[in-house]
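Two complexes come next, and they have one chain in common, subunit A, joined by subunit B in the first and subunit C in the second.
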Partner chain A sequence: MKVQRVFKRFVVGSAALAFSVLLIGVMLEPPAAGVDLRAAVSANLAVSGVAHPVTAVLLNFRGYDTLLEIAVLLLALIVILASGLEALSSRPRAVDPVLQTLAQLAAPSMIVVAVYLLWAGAFRPGGAFQAGAVLAAAGVLLHLTGLLPGWQAPTLKLRLGLTAGLLIFLAIAAAVLSQGALMQYPPRQAGMLILLIEAGFTVSLGLILAGLFLFISRDPGDPT
Partner chain B sequence: MTSALLFACVGAILFALGLAGVALIGHLLRRIFAFNVMGSGTFLILVGLAQRHGSADPVPQAMVLTGIVVAVAATALALALTRRLHALTGKLELPADEP
Partner chain C sequence: MSFVFDVVLAAALLWSGARCLTTARLDQAIVLFIAFGLLLALVWARLSAPDIGLAEAAIGAGLTGALLLDVYGALKRSKP
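And then the complex of A and B:
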């Protein structure tokens, strides 16, 4: 048994080493790229509705990926809820009042930062994902300092919030179907539509990411 | 070697480390960590290789951004399942991996 384990370790270790050496060797002398999408992105940036190329790719050129992504996130949360949860808090029992006050001060400013990131995504690094992550972090911070109880079962309001991003995206995708291709926004309204999608995304993403933590961590006696 | 290429090479090493970890580690929490190390390696390769000539390519960056969020969700799902397994059996290893 022990010999077997050492052997397995040796085989896996040397295979991983060989793999990384091979991969690095290939990457040092890569063949020229078959397609260069950089030129295509910068050529079409003007009609995408936003000025930042990453946001343009995420929400316009490859909007389909982003639509599927929010669906995957929602699916992960639904599976977690469906797999059954034990009431088991990961919150520390005694919370420092200084920490609690600091969290109370930090949470509102985190919401402001999230809104700023959402707005900034149109012309500089930022956007719905970063904003949603900050919102979720605010939720987790409030939970860990004992200010926000864990979530028991999603209420109607929470369900609407969790699915808003996907529903808004689907509605807009259906509305612009008449343009010909899936999620091809009319250039004049593209900026507005992207902001609308991103706003829904931020709320949903924040709630889903926070929910991944808060649905799992709750005390037996916590209210819903 | 540019710094972007260095990122890609570090990504390759991280990927191999994570791969070995997933294959060798029985403890589920550590295996999930190893899986995340693997994912981070992939992201580094994607972003690093794409900007090896100096300018950043927005397409891989957007893909990686999507990938990071999906990886977070997958990790949360894996952790929830691990916790469920622990609650049901009291173990943090899969039955096939038990020594």
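And then the complex of A and C:
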């Protein structure tokens, strides 16, 4: 019995070791990338409207991906709403007043950070996704400290906010359709259009991510 | 110097990941998950991918961590 266990351990251990050695060997000699687009990106950075290559790729060269990403997130939220949320009694939770004060202090600065990230995305790491996540985190923080009640049902204003990012993106995509291609921004206005799209994105992403949290957060003791 | 930092960072990442998976206590696992996410954000920054690092810190560690903590609180409250 004991011998069997030792043997089993030995087999598993040596297999794991062999696998690790194999993995390290592969890591040390990575194959050349099949498609290298870095040259193409830096060659076309000037006409993209922004100075940061990641933002240029996300919002201009591969705009489709970003458009579909926000659509997928919106769809996830709609599915959550469609799967049915019963009306909940929002009983205030007993919360530490120190926590509440801290959250009240943190929330405004988080909004400032979100706006900074949005603005910085044009020329350095940052961008709408990070900004939206920070906004959502501020909403979650306020909710957890009992300052922001959970959302019971989407009102018209909230619906507009949730869909603004996708709608602005679609409107701009349709507007530049006359230029020939679906998402080919005219180089001169590209920076402005990208900023507009990203601003809508930030608001919508923040609301969607916070909504994933605030719509389904239930009060303790409520029947699920 | 930076090599030493990288080695320590990698070791801490692996250690926190392993501890997060193996610890028996749920609250410890959640805190370790958040620590893991923040370390991972640092790793991305060291790999000169600050964009991914920012996203990891904001979404992976921040938002997911808050969600997990809230779930933990709800679980604890729902238990008698």
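We adopt the following convention: the second predicted complex is superposed on the first by the 179 of 224 C-alpha atoms of A that agree within 3 Å, B and C clash if a C-alpha of one lies under 4 Å from a C-alpha of the other, contacts with A are read in each partner's own complex, and residues count from 1 in each chain.
Here is the rule we use: a contact is a pair of C-beta atoms (placed from the backbone, for glycine too) under 8 Å apart; a residue touches a chain by one contact, two chains touch by 3 or more.
As the structure is a computational prediction, the values presented were derived from the model and not from experiment.
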Partner chain in contact with A:M192 - subunit B first, subunit C second, else both or neither: neither
Touched partner set for A:V47, first subunit B, second subunit C, both or neither: neither
Contacts of A:F129 with subunit B and subunit C, given as first, second, both or neither: both
First (subunit B), second (subunit C), both or neither touched by A:L28: first
Contact breadth on subunit A, by residue count: subunit C or subunit B: B
Touched partner set for A:R38, first subunit B, second subunit C, both or neither: first
First (subunit B), second (subunit C), both or neither touched by A:L102: neither
Partner chain(s) touched by A:V57 [first = subunit B, second = subunit C, both, neither]: first
Which superposed partner A:L209 touches (first subunit B, second subunit C, both, neither): both
Intersection of the subunit A residues that touch subunit B with those that touch subunit C: 54, 129, 209, 213
Contacting residues of subunit B [partner subunit A, same complex]: 1, 5, 8-9, 12-13, 15-17, 19-20, 23-24, 45, 49, 52, 55, 57-59, 61-63, 65-66, 68-70, 72-74, 76-77, 79-81, 83-84, 87, 99
For the subunit C and subunit A complex, residues of the former touching the latter: 50-51, 53-55, 58-59, 62-63, 66-67, 69-70, 74, 77-78
Residues of subunit A touching subunit B in the complex: 1, 8-9, 12-13, 15-17, 19-20, 23-24, 27-28, 30, 37-38, 41, 53-54, 56-58, 61-62, 65-66, 69, 72-73, 76-77, 79-80, 83-86, 88, 129, 205, 208-209, 212-213, 216
Subunit A to subunit C touching residues, read off their complex: 54, 117, 125-127, 129-130, 133-134, 136-137, 140-141, 144, 209, 213, 217-218, 220-221
